[in-house]
Amino acid sequence: MKMVTAIIKHFRFDDVRKALTDIGIVGMTAIEVKGFGRQKGHMEVYRGVEYEVRFLPKVKIEVAIPDEQLDKVLDVILKSAKTGDIGDGKIFIYDLQDVIRIRTGERGEEAI
Amino acid sequence: MKMVTAIIKHFRFDDVRKALTDIGIVGMTAIEVKGFGRQKGHMEVYRGVEYEVRFLPKVKIEVAIPDEQLDKVLDVILKSAKTGDIGDGKIFIYDLQDVIRIRTGERGEEAI
Amino acid sequence: MKMVTAIIKHFRFDDVRKALTDIGIVGMTAIEVKGFGRQKGHMEVYRGVEYEVRFLPKVKIEVAIPDEQLDKVLDVILKSAKTGDIGDGKIFIYDLQDVIRIRTGERGEEAI
Amino acid sequence: MRKNYKLSITNFKFLISAIGLLMIASPAFAAEATKPDTGDTAWILVSAALVMLMTPGLALFYGGMVRRKNVLGTIMHSFMAIPIISLQWILIGYTLSFGPDISGFIGSLEWFGLNGVGLTPSHYAPTIPHLAFMIYQGMFAVITPALISGAFAERMKFSSYVIFILLWTTFIYDPVAHWIWGGGWLAKLGVIDFAGGLVVHVTSGISALAAAMIIGHRKGYLQDSMPPHNLPMTVTGTAILWFGWFGFNAGSALSSGELSTMAFVTTHIGAAAGTVTWIIVEWKHRGKPTMFGAATGSIAGLATITPAAGFVGPMSALVIGIAAGSICYIALNSKTKLGYDDSLDAFGVHGVGGIIGTIGAGLFASAAINGINGLYFGNPQQLINQLIGIGAVAVYSFVLCAIILKVVDALVGLRVDEHTEVQGLDIVLHGEEGYFI
Amino acid sequence: MRKNYKLSITNFKFLISAIGLLMIASPAFAAEATKPDTGDTAWILVSAALVMLMTPGLALFYGGMVRRKNVLGTIMHSFMAIPIISLQWILIGYTLSFGPDISGFIGSLEWFGLNGVGLTPSHYAPTIPHLAFMIYQGMFAVITPALISGAFAERMKFSSYVIFILLWTTFIYDPVAHWIWGGGWLAKLGVIDFAGGLVVHVTSGISALAAAMIIGHRKGYLQDSMPPHNLPMTVTGTAILWFGWFGFNAGSALSSGELSTMAFVTTHIGAAAGTVTWIIVEWKHRGKPTMFGAATGSIAGLATITPAAGFVGPMSALVIGIAAGSICYIALNSKTKLGYDDSLDAFGVHGVGGIIGTIGAGLFASAAINGINGLYFGNPQQLINQLIGIGAVAVYSFVLCAIILKVVDALVGLRVDEHTEVQGLDIVLHGEEGYFI
Amino acid sequence: MRKNYKLSITNFKFLISAIGLLMIASPAFAAEATKPDTGDTAWILVSAALVMLMTPGLALFYGGMVRRKNVLGTIMHSFMAIPIISLQWILIGYTLSFGPDISGFIGSLEWFGLNGVGLTPSHYAPTIPHLAFMIYQGMFAVITPALISGAFAERMKFSSYVIFILLWTTFIYDPVAHWIWGGGWLAKLGVIDFAGGLVVHVTSGISALAAAMIIGHRKGYLQDSMPPHNLPMTVTGTAILWFGWFGFNAGSALSSGELSTMAFVTTHIGAAAGTVTWIIVEWKHRGKPTMFGAATGSIAGLATITPAAGFVGPMSALVIGIAAGSICYIALNSKTKLGYDDSLDAFGVHGVGGIIGTIGAGLFASAAINGINGLYFGNPQQLINQLIGIGAVAVYSFVLCAIILKVVDALVGLRVDEHTEVQGLDIVLHGEEGYFI
C-alpha cells in the first residue's frame, strides 16, 4: 500500500476532493500547513514595521491507497490541483507498511 | 523502528494518551486534522444557504516506537480509540529509517 | 530520497528555516503540532479548577531531500534547533518513494 | 399533526384579536398630567439601553468560558432571553410584578399587554413616563434567567431552556420582584434591595444551584480538560457588564441627581474592590494572578454591591467589595469539593454575591444617603429584615426552581443525549459552528 | 506626475483658504437666543454616540459573516464610512440634506462647511443646539452606505468603494433625506418616516439589490462552502447594533420625554418580536433554531420598526416585528432561487424590512401617539402616502445607484481580479491579515 | 513570615479603622444647597461610564496587537488599571489632584478617602454633585497609566507594573492634573487643556518614551515576525475608544448644552480627519491602505483633538485632525530608525498627538466658543502658554517616570526573564491561555 500526500493550494482543495471521490476514493485526511518554496511570499507592514510572510497557507491531503491505484490517483491529483502557476505544490509518495481500521480491526487493503 | 500514526476521534484522544503512557510510551505528537471517510458529514444552513460539511475534525497521533513494541501499541490504540461507531478512524504504520534526539544528538532507538 | 521531519520548538523555527535555506534548501512545509514527551507540561487553574496541560505547542518541519544531502541537513537542523534544554524535539527520517511537482509533472529528485 | 395545526391557528386568531384590542386600547396616553423631566427620562432610557446591553455582554462572558463546540449554544441561552422574556414582560410579566397589588404576593392582571401603561408618570417614578419605568424594569427581567444558564451550560436542551425561562420568570422572578419592588410583603416588612441583590442575584444564583444539582455534571467533569476556549471574549463580556451595571445600579435611582450619583460611585468602588481583592487572594493562594480571576472578581464585586448601591456610602462600598472578592473566591475554590458542576459559577458569583450584598445593605445602609440606617448606624432591625428577605427568597427560589425543572424534565427532558454533548451543542442542536478560522 | 502634483497643491491651497475662512466665519454662535435644554441635549448627544457606534457594530456584524481571508476588507468598508461620510457631511452633505429648501428637492449650499450652523437651536429641534442636530443626523448618513457594503462583500475594490459611497451619499442619501426630513416634497405630501425606514433602509436596501445584480456573484457562490468565519463576532455586532438602535430610533424624537420613551419601547418590542418569530419559523422550516438566525431576526425587527417607532404603540410594534421576522425570513430563504448574490443580505434585511416598516407606519400610526393616524385608526390616505414614498424612494435609489455603479465601473472598475478574490482582499488589497492565532 | 503576617494584620486593622471612620464621616451630604441639574448630571454620569469603558476598549486595542502568547497579560495591564487606580483615586488621588491647593503644586490631603466630598455641587462643576465630578475625573486617572503599557508590552513583570502605575499616578498624574485642572500653577499661567492633551496624553506618551528606552526592546524585535495576532480585536477596541471619547471630550464640558455639543462635534471631526489623512498618506507611501492604519489614524485624531475639543470650532478641528493623521503617521514610520521599541506606539500616538493638539488649541482657540483666543484669532500669548505647558509637563513626566522606573527596577526588576518572554506572559506569569480554539 502507498500513502500519497499532496501539498496543494487551498482553493484547489475542493476540486481535488471531488476528483478523488469520482474515481472511488472514499477516505482521506486533510491538514492545514504552511509552505515555503519557489513561490515567494509577500511583505506585510504593520504600523511602519515590515514583516516578510514567507510561509503560505497550503493544504496537505493524505490518501492511503492500494498499490494498483497509485497511477490513477496521481493522475487525478495532478490534473485537479494544477493551475500552472508557481506554488501548485508537490506530491510525496511513501510506502505504507500496514493499515488498520479501528472500528473493526481489519488490516491491510481491506482497512483502507 | 516504526512510526505509528492513528487518526482518531477527538474525544477518545485523552483515553488513547492515557493508555499509551500506561504501557510506557513517553513521547508522542498530536495534530488537528480534518477527516473524510465513510462517516458522512452533515449539512449546515446559514441564512438560507446550505453547505455540506464533509470533513470532520479528527486528531492524528504520531508515535515513534521500536519494532518490538508495535503489537502492544496497536493493541492499546485499538482498544482505547474504539467506540464501535463509524468514523473511529485508522492506524497507518510506516517504516522509520532513523530517529535523532535534537538535544543530545542520540540516534536510533535510544532517541525515541 | 528522504523525508526529514523535525519536531522543534516554536522559537527556533525561524533559525532552522534560515539555516536550511543557507545550505540551499528551497522548499519545506511547516505544521503546528502538539508535543508530549519528557518535557513536562504545566498546570493551569481556571476559577478553582485545575487542568494539566500536557501537550506543548511545537512546530513540525518537513523537508524532502535527495539522499546525498541527508547528513548536511541533519547537521544543520541539529545545530539550529538545539537549545540544550529538554523538549528540543526529534528528527524522524523516512524513505520517500517518489516526489512529483504538480505544476510541471516532474518526478523524482528534480521535483524536490 | 393536523389537529395540532388547527389548534395553533385558533390560538393564533385569539392572540391576534387580543393584540388588536390592545392596539386600540393602549394609546390612551393623554399627556395632560405631569410632564416628565427631560434629564431624568434621558437617564432612565440610557440606563435601560445599558441594562439591555448587559445580556449580550453576559453571552460573551459565558460564551468565552465554554468549549469551542458549545460557544453558540451558550451565547444563545443569554441572547434569546432578551426577546423571549421581553415579550413575556409586556404581555404578563410587568403586570404580575408591578400591577395593582393582590395581598402582597403578586400583581393583578389589570395591566395585561401594557393595557393602561402609558406615558403619564406612575407612582413608581414620578418624573419619567410610566412606559420608561416599564421597559427599564423589563431589562432586569431579561438578564435574570440568563444568569442561571451558567449553571447548566454545555448540556441543556435548547427547547427545554425556552420553556424553563418562561416558567421561571413567571413563577419566580415576577412574584419576587413584586414582593420587593412592587409593594409586596417583603417591601412592607422593610426589606431593602436597591437594584436587585435579592430580586436578581439571589433568585438566579439559588436557582442555579438547584439547576446544577438536578441536571448533573458535564460528561468528563474534573477528568477532562475544559479550559475556557476564548478568554478575551470573556473579558469583553466583563467590560460590557461593568459598563452596563452603571445603568443597572445608578439607573435604579429612577431619576438623575444625587441618588444616581451615589449609586454610580458605590458601584464602581464595589467592583474595583472586588477585583483587587480577588487578585490579591488568588496571588497568595495560587501563586499567580489571572485575568480570568480579575474578570470574575469584578463581576463578584458588581453583583454584591447591587442591593446596597443606593443605600451606602463610598467607604462602605469598599468594605462590601472586599467581602465580595474574598468570599466569592472561597466559594469558587471550594466548588470542586462539593461535587455539583455549576459550570460557569452562576451560584458561586451571583448567589453568594447577592447574599453578601443584601446583608451588606443591612449592615451599612445610612439614613444620610437614602433614609434608612443599617446595623452599623444603629439599626439592627434592618439586618434582621435583610436576613428574612434572603431566607424567603432563597427558599422560594430553590424549591420552585426545582419543581419547575423536574416538571420540564418529565415533560420534555432537560438534558441533551450523550452524543450531542460529545459533538457539541452548536452542531447538533443548532446546525452551525462558531468559527471557521 | 509633476503637473499632477502642482494641481493638488493648488487644490490644497484653495481648500485651506476655504477652511480658513470658515474657521473665522463659523464660530459666530451667539448664545443670546433660547438656551438648549440640558436633558434633551444630553439625550441627543448620547444618541449620536450610540448611532456612531452602530457603524463599527455593523463592521463586526458583517465581518463575522465573511470568510477569514476577507475579514479586514469587510470591516474596513463599514469602518471607513465613518470618517469619509462624516467629512462629506460637514462640508456638503448636511446643507444638501437640511439646508434651506430648493423646490422641495434638495437643500441649498448656504450651510456649506457648516457655515451658519451654530449652537443656537434650529427649527428642526428647538431645544438642542443646531450643531447637535447636525452631528446626530450625520451619524445616520454614515451608516447608510455602509449597510450596502453587505451586498458586494468579498469582491469589491476598496478604491472604487470609496468613490462609490461619496457619490451615493451625495446623489442618493442627501436628496432623499431632504425629501423626507428636510422639508422636501415627500414630507409635504405627508409621508412619515420616524427614524429612517425610507431614508436609511429602503435607500440602502434597494441600492444593495442593484449592486448585487451589477457586480455579480462571488466566485464559487453556491458551489464552495462559504460559512461565516466567526459567528461570535457577528453576535457581538448584533448586540452593538441593537444597543445603538435605541439612539437611532428613540433619539429621533429629538428630545427626551414621552416620544423618545415610546420610540424606545416600540423599538425593543419590534426587535424582540422579530427575533422570536424568526426562530420559530426557522425551527419549523429547517428543524433547528440557529444563533445566526436569531441575530438576523433581531436586525430585521429593528430595521422594520424604524420608520414606525415614534408613530405606533407597543402592540402595533409587536405586529410589525412579527411581520419583519417572517417576511424577511422568507426573503432570505428565497434568495438562492433568484440568482443574485446579495452576500450578506443587505437587501433581504434592510430593503425588505424598510418597506414592511414603512407600510406598517401607514397601517398602525396612531394620532394619540404622534398626531397621525394610519389605516387601522381610520386614515387610509396615510397608507397611500407611504406607498408613494416607497415607490419614489425605491425607484430613485435603484436607478441612480445603478448609474453610479456603472460609471464607477467604467472609470476604475468595481470588482477585484480573480487572483485577489481567491487570495482574499486582506492580503492583496490591504497587505495585512486578520489573525495570527 | 510570621512577622510579616503580623505586620499586615496591624496594617489591616489600621486601614479598617480608618475606613470605619470615613464610613461615618463621609455621608454628611446635606442636600440643602443647590439641587444638581438632572440633564447635566445624566450627561456626566453617562460620560463617566463611557470613559470607564475606554480602558477595556484600550485592553482590546492593545490586546489585538500583541502576539497570541501575550494577549491576556497585555489585556490585564489595561484592565487592572481600572480597579487599582480607582482605589488609589478615592483614597488619595482625588484629593492630591483636586483637593485644596498647596502653592499651586499639589492638592492637600484634606479630602483623603473622599472625606467631605459629597453630593452638594463643588466649585469645579456647579450643576452636578461633587461625587459625580470626582468619579468622572477618576476615570481619566484610570486610563492614563494604562496608555503607557503599550510601550513595554510583552516583556514587563506584572508585579512591577502594579507598583509602577501606583507610583506613576501618585507622583506624575495627580500633580499634573492639579497643575492644570486643579487650579495649580499652569492653570494660573493660562495654559488650556480641555480634556487632557497634557494631563492625559503628554504625561502618558512621554512616559511611554522613557519606559521604552529604559526597558529595552523585545527579544527578536525587527528580526522576528511579530504581526498583531488579532486585528478584529484591535478594531473592536478602536470602536469602543471612539465611542467612549465622546464622554471623554464632550463630558469635559461638565454640563450638557452648547459646550458639550461643540466638543462632541470637534471630537468627531478630529477623529474623522485623522483617519482619512492617515489612509491617504499610507496609501501614497506604502501603496496600500490598511485597516490597522485606519484604526491608528482615528486614535491619533482623537488624542490630538482632546486638548482643543471645547476651545475650537469645527473647521479648526478639521485642520487639527489632518495634522494628527499626517504627523503621527510620520512618527510611527520613523520609529524603526530610532532604535527604541515603543511596542504599541504609546509615544508615537499619544505623546506626539497630545503635543500637536495642545499646540492646536493655542493656535485655533476661539473666544466665541469658550472665551479664549489663540494665535489665529489674534492672541499669540496663548500659543506661548501652551508651549510652556508642553515643556513643563514633558520634562516633568520624562524625568520622574525615568526615576520611578529605575527605582522599581532596582527593587524588584522591570523585565521578565528570557524564558518567560519566549514562552509568553500568559502561561508563565498568569498560568492561563487566551484561546483554545
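Here the chain labels run A, B, C, D, E and F in written order, and each chain numbers its own residues starting at 1.
Assume a contact is a pair of C-beta atoms (placed from the backbone, for glycine too) under 8 Å apart; a residue touches a chain by one contact, two chains touch by 3 or more.
None of the values given here were measured: they were computed from a predicted structure.
A.B. asks: List every chain that touches both subunit C and subunit F.
C.D. replies: Looking at subunit F and subunit C together, the chains touching each of them are A, D.
A.B. asks: Between A-F and A-E, flag the pair that has more C-beta pairs in contact.
C.D. replies: If we tally the C-beta pairs in contact for A-F and A-E, the bigger total goes to A-F.
A.B. asks: How far is the middle of subunit B from the middle of subunit D, if each middle is the mean of its Cα atoms, in Å?
C.D. replies: That pair's centroid distance is 45 Å.
A.B. asks: Distance from the CA centroid of subunit E to that of subunit F, rounded to the nearest Å?
C.D. replies: 33
A.B. asks: If you average the CA atoms of subunit A and of subunit D, how far apart do the two points sit, in angstrom?
C.D. replies: 51
A.B. asks: Give me the residue numbers in subunit E that touch at least two other chains, ranges are fine.
C.D. replies: 37-40, 42, 46, 225, 227-228, 230, 236, 256, 286, 288, 290, 292, 431-433, 435, 437
A.B. asks: By the touch rule stated above, which residues of subunit B touch at least two different other chains?
C.D. replies: 31, 44-46, 53, 94-95
A.B. asks: Are the chains arranged, by touching, as a line, ring, star, complete graph, or other?
C.D. replies: Its topology fits none of the listed shapes; call it other.
A.B. asks: Check the chains against each other and report every pair that touches.
C.D. replies: Listed by label, chains in contact pair as A-B, A-C, A-E, A-F, B-C, B-D, B-E, C-D, C-F, D-E, D-F, E-F.
A.B. asks: Write out the stretch or stretches of subunit E touching subunit F in their complex.
C.D. replies: 19-20, 22-24, 26-29, 31, 35-42, 45-46, 48-49, 52-53, 56-57, 59-60, 63, 71-73, 75-76, 79-80, 82-84, 86-87, 90, 113-114, 119, 128-129, 131-132, 134-135, 138, 158, 230, 233, 236, 240, 256, 429-437
A.B. asks: Looking at the complex, which residues from subunit D come into contact with subunit F?
C.D. replies: Where subunit D meets subunit F, its residues are 37-40, 42-43, 46, 50, 67-68, 127, 227-232, 235-236, 238-239, 242-243, 246-247, 250, 255-258, 260-262, 264-265, 268-269, 271-276, 279, 286-292, 294-295, 298, 313-316, 318-319, 364, 366, 368-369, 376-377, 435, 437.
A.B. asks: Per the contact definition, I'd like the list of subunit B residues that touch subunit A in the complex.
C.D. replies: Touch list, subunit B to subunit A: 2, 6-8, 31-38, 54-55, 58, 60, 74, 77-78, 81-95.
A.B. asks: So in the complex, the part of subunit B that touches subunit E is made up of which residues?
C.D. replies: Counting only subunit B, the residues touching subunit E are 44-49, 51-53.
A.B. asks: Quick check: in the complex, which residue numbers of subunit E touch subunit A?
C.D. replies: Per the touch definition, subunit E meets subunit A at residues 223-225, 422, 427, 431-433.
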